[in-house]
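A, B, C, D and E are the chain letters, set down in written order, and residue numbers restart from 1 in every chain.
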Amino acid sequence: MFYRLSGVHHTRYETARRLWPVPADRWQVWILLALAVAAPLYMSDLYLSSYMLPWLVWSAAALSLTLLMGVAGQLHFGFAAVMAIGAYSSIHIVRAGWPFEIALIGAGLTAAFIGCLFGAAALRVKGLYLVMATLAMQYLVDWVIINVPAISGGAQATLQTPDVTFLFVPMQSDAALYYGALLWAVIVTLLVLNIKRTSFGRALVAVRDKDYAASIIGVNSFKYKLLAFFTSSFLGGVSGAVLAFCYYQAVTPEQFGFNVSIQLVAMVLVGGLGSVIGAYLGAGFVLLAPIFLTNMVAYAAIQGWLTVSSNLLAHIPLMAYGALIIGFLLFEPLGLAKIYDNIRKYFLVWPFRHSRS
Amino acid sequence: MAYFLELLFNGALTGLMYSLTALGIVLIYKSAGVPNLAQGAMVMIGAYVVWMLASMADLPLYAAIALAAVGMFGFGLLAERLLLRKMVGQPIIMIVMLTLGLEIFLRGLGPGLLGASPKSLDLGIPLTPVIIGDVFINRDYLVGGIVAMILVGLSLLFFRTRLGTKLRAVSDDHVSSWSVGISVERAVGISWGLAGISAVAAGTLWGSVQGVDWTLSTLLFPAVAVVILGGLDSIIGVLVAGLIVGILGSVIPGYVDPIVGGGTRDVVTSLIILFTIMIRPHGIFGREDIERV
Amino acid sequence: DNDTIKFALLQDFTAVYTFLTDEYNQGQRDYLRLINEEGGLDGRTFEALVRDTGNEPQRGLEAYNRARREGAVLVDFLSTPVSRAAVNRVLNDEIVMITALHGRGDASDGTTFPYIFPLMATYWSQATLLAEYIEKEEGGLEGKRIAHVYIDSPFGREPVPVLEELADRKGFELRTFAYPSPGNEQSSTWSDVRRYQPDHVLIWGAGGGQAVSVREAIRNGIDPSNILSVVWLAETDARTVGADRAKGVKRFEAVATGTDYPIMERIREKVLDAGLGTGDEENVGTTYYNIGVATMAMAVEAARLALEEHGGELTGEKLRDGFRMLEDYDAEGMMPPVTFTEDDHQGGGYGRVSEWNGEEWEPITDWYAAYQDIVWEEIEKDAAGFREGR
Amino acid sequence: MDTTDQTTHDGVTLACEQVVRRFGGLKALKGIDLGIRQGEIFGLVGPNGSGKTTLVNAVTGFYPPQEGRIVFEGAAINHLKPYQVAARGIARTFQNVALFKGMSVLDNILLGRHIFMRPSALASLFYWWWAQKEEVAHRRQVEEIIDLLQLESVRDEPVDVIPLGMQKRVELARALAAEPRFLILDEPMAGMNQEEKEYMVRFILDAQEALNLTILLIEHHMDVVTAICDRVAVLNNGEKIAEGTARDAIKDPAVVAAYIGKSNDAA
Amino acid sequence: MTADAAETTPTTATQSVLTMSNVEVVYDKVFLAIKGVSLEVGQGQMVALLGGNGAGKSTTLKTISGLLAPERGEVTRGQVHFMGEDLAPLGPSQRVDRGLVHVLEGRRIFGHLTPEDNLLAAFSLKSDRRRYQQLRDQVYTYFPRLKERARTKAGYLSGGEQQMLAIGRALMTEPQLLMLDEPSLGLAPVLVEEIFSIIREINANEGVSVLLVEQNAAAALEIAHHAYLVENGHIVMTGEADVLRQNPDVQEFYLGGAGKVDYHNVKHYRRRKRWLA
């Protein structure tokens, strides 16, 4: 088969620790990247701007969150609020006359700063209590945004994104917006992959698994938890800004509500906690499943296969979506990434069935 | 002063109304160790079922409530059998997400089958307030408060029984409960069933006030504040924290809202959650995790 | 297939707007059915593309992009956040977006938002209209105390600036009271309201919170007849309060309720009796059903005018022109006569006040509009902000 | 048994002076004095709940003593946080294996070298320029330890699937990776059979020799304690009831009564 | 060692309470932890199960008590019979009802409950209150210390006390077969002695059969009648305890040779390489 482990030997530590030690994986990544770069050439604008683009940005957001939840083990149920802070900051910075590039960094920094503040408040606790604390944070941020018209944009509570250029490219055409999103997704991906294989990531995982054991080997768990909140909030903030500028082109408070936080968590979990490929798969699933289900049910109704009231029709996708999330947790708690991994392993050890005995 | 007293009383009663939802969360957490974020949706389903039995099957209201309680107990058993049984030993985040998945599912199910537009459910409680001095007390909440106290009392008694002890053991350690012959499945099922019953109570009372629709599921948020403050596994905590959350959530907005010009009750609720977690994560009465290095 | 005209009704059936979507959408589709049954427009029939967006901008935009490719010329999101997120796209794509009773109020400015049609009185117009009603009833507003009790969201706060402006002009006292969303619990807010001893209260919420507001108001000793509501107060809400107890409560009404109108009779005859109805017949004639019918009546009329004028295939641009040709259109008596122009996409800001009589909402005034000058100041201010923001 | 002046004695690297630790109403350490000399293996024994682990936790900063002082290499460390203690050259293992479950054996040991690394997210982003060299250098060091403790066969296994004995060995390796001068082992041989105990003893002695370590060893296997500890202290109920060579200590009637038991003559 | 010793099922004069034949267990669907284990516990017998780390002892006990599922383990072959009944269709709590109880490795008492409630939780709802008091008092006579601490949270008990509680709790289920997983783990010598003598007492006085997993082979072989040696998922040796004690391999690997071990000169099992050169 195309996956071959035999004959792949590493004679240097450098190659053994590279990102994709298996050549077949490496090839896949290059092919996918090439396909992504060429997408505007072969993809209709509907798919490019309604599916590919939001998928990339949400994947970046899910990656930021999986860095915090999966790698560092800090549960966060208010990540949409972090993204909101990024989105609103970036727009206000651009409106204040600064270049977009600065606005992106500013968005990251404000989100990171406020994210850290909340992180610090919750650092004494973990697990469920962190869930609750971050949930409260989501409400607080929402309340502030809604109640300060200067942030949310006056009576209409909407801010249109101004026209901007990024590295001298005007961000107007579908393609330019798409490449912006792609670039961001690639950066976040590389960052998370590299964090996971270097000492920073190991320290985060250590703090996640056993914070007292981590501290005795010299890891300051307080500092690393904060760093995790900082890094991931930074990435989340920038993702929020990218989402606002490249996709919505307007921000309203509802775009970053509590249910969005839940969706982000669902992306991370359905994809597979801590997995990079999982973030992509999970984001795709959570983003597309409701859309796909809605379209499918609507199609079935139009064809006359499904004759129920329009009310029930509209709620079937919701039920199915809830059921799918439950189904994933019940049948593959390790997420889509695990399913992918199983398939890959199958090919890796092919023609044998077990990798261990 | 009368203003303060009115805020205090109505706040206390509202708090007890929140306790009705919170009680379900605690009942489940106390025996299954599962933080049930679908409790709000269960309250909604409870209300829908009562409405359905009362207005579609034309049962007398109180018969409908009783029947709904039985039905929701069954629903609880079913939830254990189909969902939670398989989740034993999974990390907490997975279980939290599972209950959120359940909440999404239920939010589709109730309004989908029975109609999304609001239904009215009339308990026949008069609108006129109980007036003491210059203080107006809400009759709906008065009834709710009394029901809440009764349910909390019953739950307290229940956990004193031998079955209750077994349920507490289960929340401590599933595997070792099995090892000494406790049927963990049944224990968890019972706790979900009881939570289903308390959901009917909460759903009926809240539904009569605001109508029955999906927004009943948003009662989750104040209920979460109550359980965090009271302690996730403390039944008496539900009562005390319900009162505190209700009173603070009434008195503070009563004075602050006019100044800031916004509805600050949820801000107060959020801050209660945040401060509890910062100062005493396990809440007023909750048990502390025994963690040894 | 240029003989079907596609309207995209991409609405929120499962979240915040559920309290009305079902009935509203049913009215829209029943009306389009009726037109089709009557032979369409010169043989052209209408098709409704219906999707749930769950009030999520994300899903709304996807559905929109898809509908656009399928050739929709009109879109109705019935969701403020989704409509707001779609503004730029709609303007670029030149597709008509109707935003009756939701979305941006400043889209009434047709020059800034050429493809967006609020169609009915904005929240600003509703507020001024209710204020004028009080003014007429009481013979002046001078010295009155008015409480504006609203859900703590941009929607609840929206009428505040025009009310303040009016209070200045007319010399009445205004105090605002916010309660947290979704409004299932408002007791502390109303304790405060009672102590203010208002002469009238405006309640500005939606869904279950509205019934709670009315209950709390009555409980706190406010006479039902002094309670005036934004458009979102329907039959079910009155019943949740208690059909008798709610007697006397007033509300803004954008479209007539009930079935005693020629259009409704035709719907009964050709759609419902023919078994072609799209939903529960009990809903027919309810407040939100009729609003749905009215939106489509305007849209179909606009399409008819557009095709008369331009012929050929109906495009977004032609449809826009069609809307702008509507003059004193009143859907055969179901709604106030509206006229859209290049500048005015609100259609005059008409409405009326109706009162719950224990069984139904009974109109107690004629169609009228009030203080449109103040409303338009607000529209212009926000529209200017929008233009600068771009 | 000349207990008192040992702390002032030359060669003492870790000294506890009147260390007190309370948990609520319970006084787990009631003023412990202890002096451990450079290069020795010092045994700490005593009944369950006598405060051995608590003392170690006091030394390593988990439960800082409420009274008294802990001096390491001449400097007081009783106010330091665990990660600061680690930086001073003290490493430890835990009574209940405390490995990082999600990681491979190799990564666990690499983490032992954390104090020598300069981790940062930004450096990770530009891996090929900044982080790679560091990774590779430390990997070399870790391989040495893997070799010493014979962990080659499980190097890439996730730690949670290897047997407990191996896990204890990995924990030892992780502690050694920090190149400590003082090593604390809390019941490294619990749950091991004879053969495995022998292995563990071998590794401890080898490590001590190779790294010139001072070791504090908590163990209930008295045969091991008597065989390899230079000196022992016996705790009971938060108090030190005996100190000296192992052979002497276990003959002390108080120790026999509280800890060893009548018929046991493990020495 | 004689590998084929495992194949011959041990025959004892007494009637057997538990028979396990040819059981294979797989974890996570990939990892084969025990590979065809057969063993037998006779009525009133005390049987020891010895073996190295990760040999599969705990897995064997969990197979019998039905506690594999929470750890994603599965029995893929073989059968377990208790008093002649096939255990496969029974859930863990039903097995306890049949009279089989498992004291888990690492004690696992209910830390948030008092010792008293720990005992109560283990007591079957089907029996009456008086029986409960009898049993509880019985437990307190075995472990007087528990009575003293009956009202503190069990999580704060010392290791030895927790072990006593775990055994006492198991006795509350009125077992016919008591399975103990490393009861001496981490206990002080004096407690090890105490626990072992109580186990022997329970076995002798009440006729409860015992299946004992231990690392402390010397102590275990002293009180057991019969023993099995497990290595790497296989039974590698079995026999009467007295006989096994004399076996030279057993002596070297489990008992530490005939006399005392000289730990300073234990064998290097592999050529040692100098490190940090």
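Basically, contacts are C-beta pairs under 8 Å (C-beta built on N, C-alpha and C of every residue); 3 or more make two chains touch, one makes a residue touch a chain.
Note that the coordinates shown come from a computational prediction; the quantities given were computed from them, not determined experimentally.
Please report the minimal path length, in steps, between chain B and chain C on the chain touch graph.
Counted as steps through touching chains, the separation is 1.
Fewest touch steps from chain A to chain B?
1
Let me spell it out: compute each chain's centre from its C-alpha atoms, then which one is farthest from chain E's centre?
C
Where the centre means the average of the CA atoms, what chain is farthest from chain D?
C
Please tell me the distance, in whole Å, between the geometric centres of chain C and chain E computed from their C-alpha atoms.
Centre-to-centre distance between chain C and chain E: 74 Å.
Suppose each chain is reduced to the average of its Cα coordinates; what separation in Å results between chain D and chain E?
Between these chains, centre-to-centre, one finds 29 Å.
Would you kindly tell me how far, in whole Å, the mean C-alpha position of chain E lies from that of chain A?
48
On chain C, where are the residues touching two or more other chains?
Expected reply: 13-15, 22, 152, 280.
Multi-chain contacts in chain A: which residues touch at least two other chains?
In chain A, 146-147, 212, 311, 314-315, 317-318 touch at least two other chains.
Spell out, as numbers or ranges, the residues of chain E touching 2 or more other chains.
31, 156
Would you tell me which residues of chain A are touching chain B in their complex?
It comes out as residues 69, 75, 121-122, 124-125, 127-129, 131-133, 135-137, 139-140, 143, 146-147, 212, 262, 265-266, 269, 273, 311-312, 314-326, 329-330, 333.
Touching chain B in the complex: which residues of chain E?
65-67, 70-71, 91-93, 95-97, 101-104, 108-113, 117-118, 120-125, 153, 155-156, 169-170, 172-173
Please output the residues of chain E touching chain D within their complex, sorted ascending.
31, 50-54, 156-161, 182, 185-194, 215, 217, 252-256, 260-264, 266-270, 272-276
Using the touch definition from the top, list the residues of chain A that touch chain D in their complex.
Spelled out, the residues of chain A in touch with chain D are 13-14, 17, 187, 190-191, 194-195, 197-203, 205-206, 208-210, 212-221, 227, 231, 274.
Under the definition above, what is the set of chain B residues touching chain C in their complex?
Of all residues in chain B, those touching chain C are 3, 6-7, 10-11, 14, 17, 107-108, 111, 115-122, 127-129, 136, 138, 141, 206, 209-211, 213-216, 218-219, 222, 249-251, 253-254, 257-258, 261-266.
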